[in-house]
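The same subunit A turns up in both complexes below, where it pairs with subunit B and then with subunit C.
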Partner chain A sequence: MDALSMGLVAAMGALATVAGASEDIDSDIGSQSNPNSQVQLAAQVGNPHRIYNKAIAGEPPSNALWCTTAAIVAYMLIEAFQMPALFSIALGASVAALFDGVMSMSAYFGRNASQKRFNQWVYLDIVRYTTPSIMAHVWITSFCIVTITYIQVYVLTPHHPFPIPVIALIWGLTVGAIGSSVGDIHYGGEREFQWRLFGQGLSTMLSGQIVRKAEAGLRNSIDNAWFCAKFGGPATGMGFGLTVFLDNWRTTVFDPVSQALLAIGTGVFFVIVMNLYNFYLERSARRKYGPYPGYKGDIAA
Partner chain B sequence: MNFDATTIIYILEIVVGGLLVGIGVHFVPVGGAPAAMAQATGIGTGTVQLAAGSGLTGLLSAGLMMSVTDNLWPIIATGAVGAMIMIDATMLTGSWIYAYAVGAPFASAKVNYDPITGFSQPPYVAPGTVGQGIPTICYVSGTIGAAMGGVGGALIYYPLVMINNNPSLSAVFAIGIFLVNAVLASWNIQGTIEGFHDPKFKKWPAAFKACLVSTFILALVAVIITGGA
Partner chain C sequence: MTVGGGAAGAPAAFDVKKIRIYGLAGSVLGIYLAWILNTVTGTDIFSFIGAVAALFGVVMGANAVRRVCGYGIGTGVPSIGMLSLGMGVVAVAFGLSVADQFGMGALSVIVTLVYAMIFGYVVGVIANKVIKFNIPVMEEGLTDLAAGGAMAIMGWSFAISGSLAFADIVNDVINTGYIAIIFICGGLAILHPFNANLGPDEKQDRTLVNGVMVGGLSTIATGICAFLTLTPAAALLQLVVGFVIWYYFFMWYYRLVKRDASAVVGTGLLPPSAL
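Moving on to the complex of A and B:
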């Protein structure tokens, strides 16, 4: 372990936290992934809306695509043209953002045009000012993830044996899986259904009845980003940051060759602590919200 | 390349790895889109996506370990730990949102009492939902599933590198074999499952057979292609 490696691992953790947060906010602005089912359904049950609707793919494959695209461009510029790393990564992220912009717009036009019979309109103003926000967040995500892979492959010792695009593919899949598992709950469970009863799960009766009015005027996707950036985004960032930081920290502090057992043992220790923390959360949520008031079964709470 | 006893052992290792991935997916508590709306127990995403996210994080750790040692045990152990860290961090931060933002008590709709904590479940399940949040039993089940996925990924990767000494090529083949098994298992559980306490878990022998056949074919192909490269 040396000071430089520890600093690099800390930087990777910080970059991962930013990447996770921006990935989640990107999916919230575009209503990608799981909560998109409700946005899609809303118009069909008589609630046309002004929320952006892009479901290019599940979050993991789409983010894997953006990150790999950025990584391939950056890798090519670094290896074939000896360009500076920062410039190459920035250019790669820009190409990924452009790809994302094209696909987001075609997804929005296609989905909303197909719902014409439900009185759902295609809003050109929404396309104009929401698409650049989506692209900007994809740029941040791709930039951070390709920078992490660059550090892993070229700077951090031991150097990772996989090439940059393969690591970017895996981190892209992972950040998408975390964004889809963590941040989506905040957008889907909390923001889309703000007038449901607090302290219980969401009844399927409410499917498609999403909130369409904002704090001022009609709600659009930028309002959703404003809300989700307060908790869902940072929590996703924390999830991805913890994954990248803890996983690399244990093999940096302990030498993977001579202290392999310690590196593995530390990982197991983290896993046990997280299991116990979830048990604490479960207990506190049960105590705070209590059993369902109308429960008529014979099993005691 | 020579098709000797070592090659057969490598093929068997890939098959065992594929089977571990296929069975491991059955442990991961995924509720799909309804879980993201607090309408179902588990993690609010797709089975394959989460299994791939965790298993491939394990593959990254295993790849790093394999660049410094040829010993199989630390490689598969570090693969398992990498995958467990990823899935635990994901479930933990997801639980923050269930507990502090959405505001839902964690409850499973598949059992009356949590087999680990003994907590009663039905009183906490709101009508119109099939549970919500990630109770302890699901969390532990997910951790076990991720460990199996991580070990599986490492077991697929290890023999390929031993054959061709090319980490990039081996990683791409390992990702492919991993995803095939994850998708097969996902079809078997029809997209959602709560963990090893879910009645759907009893269907694992079907996935076992399917994964056995598919991984065997893939292992042959992978060994021949990467070995000849």
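Moving on to the complex of A and C:
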């Protein structure tokens, strides 16, 4: 372990935190991933809305696409034209953002056009002002992820043996998966069903009965970003940042070859501590706020 | 959770058999045409034809996703797209290495296609008989999907390497990591069309046009990749061809959206019935 490697690991953790936060807000603006099914159902149960419907294959594959796109552009510029790394990565992230803009628009158009019989209109003003916000967040996510892969492949010793696009694909899948599992609840559970008491679950009867009207006027997806940027986004960033930092920390402190057992042991230790903390958190939440209203006991599966 | 699928039995303007024949013939002949032109002229300028050939496979795959997922597989659409390209990657690796072993690199496309179709059929049988999906078109759909995915990967790999030789594709596509973008962008080209148009009023032509549009994006991506592996002129040509395909089909898609949507409005409140 040397000071430079530890500094790089810290930088990777910081980049991952930013990437996680922007990834979650990006998916919340577009109503992607799990909450998307409620936005999709809303029109079908008689609630047409003005909320973006960015259905791009769930968060992991779509983020894998943005990050890989940014990675191929950066890799090509660095290897073929010997461009500076920061410039190449920034240009790559811009191309990824453009790809995202195209896919987002086509999903919004397509999903709403396929709900003709439910009178769901296609609003062009929503496309014009929401798509750039989504693209901006995708730019941040893919820039951070490709910078992490650049550090892994070119700077951190030992250099990662995989090529940049493949590592970016894997990191993209990871950030999407973490965004999907950590961040979605703050948009789906707390924002779409804001007038329901939190914790009571969502019965089938309520499917599609999402909040469509704001404090003034109709709710749109930028309002959702404003809400999710307060907690859901940062929480996701924390989740992804800790994953990247702790995982790289243990293999930087302990040499993965000569001290493999110690590195594995540290990983197991982290997993156990986090599980215990989660258990404590759930117990304390139930003790303080439970039993939840409307809770009728566990239903036998 | 299944959300608003229901394209099963929906009227399809294009017959599945026709799409399959055009998809298979277009992709195989296209890749061979590109290979022959490259070999005869001794350049790599015709590599972009491989990327165009891949689009035929994409259309076939996207139509298969539409048929299989129309039975109410809502959240399974991305999974089946990834499955398609996963089978495709295995088939391409198999086809290239077997053809290389026998010293006939040019046969790799045919070997890949045959292997992919058998592989897809077996996976379909397992999905229906063992996992008990009980979807009538599952075997047929997965055969199409595997073949479409394999041809898409083959076409775009050729577009990046400009050659059908095993060693060249390993060097230019796998060692550089470009296989990642072919996998994910090609996967999205096959799964995104039906996923983006999911709903009771989904139309086949709109879905397939969307597929070619995303295929255009993939061609732009392989054009970018090709700057490292081909001559700059060939890469630039591929980039321009990709952009033209994307632009043409995006505008076409937008026209179809305007045709199919309940209303396309500049701005406004909710429809009068919902206020």
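In the analysis below, the second predicted complex is superposed on the first by the 289 of 301 C-alpha atoms of A that agree within 3 Å, B and C clash if a C-alpha of one lies under 4 Å from a C-alpha of the other, contacts with A are read in each partner's own complex, and residues count from 1 in each chain.
Keep this in mind: a contact is a pair of C-beta atoms (placed from the backbone, for glycine too) under 8 Å apart; a residue touches a chain by one contact, two chains touch by 3 or more.
For clarity, every value in this text was computed on a predicted model and none was experimentally measured.
Novice: Quick check on the superposed pair: does A:G188 touch subunit B, subunit C, both, or neither? Answer first, second, both or neither.
Specialist: first
Novice: In the superposed arrangement, which partner chain does A:A260 touch: subunit B (first), subunit C (second), both, or neither?
Specialist: first
Novice: By residue count, which of the two partners contacts subunit A more extensively, subunit B or subunit C?
Specialist: On the superposition, B touches more of the residues of subunit A.
Novice: Classify the contacts of A:A214 with the two partner chains as first (subunit B alone), second (subunit C alone), both, or neither.
Specialist: After superposing on A, A:A214 lies clear of both subunit B and subunit C.
Novice: By the touch definition at the top of the document, which applies to A:L169: first (subunit B), second (subunit C), both, or neither?
Specialist: A:L169: touches subunit B and subunit C.
Novice: If you stack the two complexes on chain A, which partner ends up touching A:M76: first (subunit B), second (subunit C), both, or neither?
Specialist: A:M76 contacts subunit C only, not subunit B.
Novice: Answer with first, second, both or neither: which of subunit B and subunit C does A:A55 touch in the superposed model?
Specialist: The answer is second: A:A55 touches subunit C but not subunit B.
Novice: Per the contact definition in the header, classify A:N119: touching subunit B only (first), subunit C only (second), both, or neither.
Specialist: Only subunit C is touched by A:N119; subunit B is not.
Novice: So, A:S37: does it touch subunit B (first), subunit C (second), both, or neither?
Specialist: both
Novice: For A:T251, decide between first (touching subunit B), second (touching subunit C), both and neither.
Specialist: In the superposed model, A:T251 contacts subunit B only, not subunit C.
Novice: Touching subunit B and also subunit C: which subunit A residues?
Specialist: 37, 58, 61, 162-163, 166-167, 169
Novice: Would you tell me which residues of subunit B are touching subunit A in their complex?
Specialist: 32-39, 43-46, 49-50, 52-54, 56-57, 59-61, 63-69, 71, 74, 77-78, 81-82, 84-86, 88-107, 112-113, 117, 119-129, 131-136, 139-140, 143, 167-168, 171-172, 175
Novice: Which residues, counting only subunit A, touch subunit B once they are in their complex?
Specialist: 33-35, 37-38, 58-61, 158-163, 166-167, 169-171, 173-174, 176-178, 180-186, 188-190, 192-193, 198-206, 231-232, 235-236, 238-240, 242-243, 246-247, 250-251, 256-257, 260-261, 263-264, 267-268, 270-271, 274-275, 277-279, 281-282, 284-286, 288-292, 294-295, 297, 299-301
Novice: Which part of subunit A faces subunit C closely enough to touch in the complex?
Specialist: Interface residues on subunit A, with respect to subunit C: 36-37, 40-41, 44, 46-50, 55-58, 61-62, 64-65, 68-69, 71-73, 75-76, 79-81, 95, 99, 102-103, 106-107, 109-125, 162-169, 212, 218.
Novice: Residues of subunit C touching subunit A in their complex?
Specialist: Those in contact with subunit A are residues 1, 3-4, 74-75, 77-78, 81-82, 175-181, 183-185, 187-188, 191-192, 195-203, 206-207, 210, 213-214, 217, 221, 224-225, 227-228, 246, 250, 253-254, 256-257, 260-271, 273-274.
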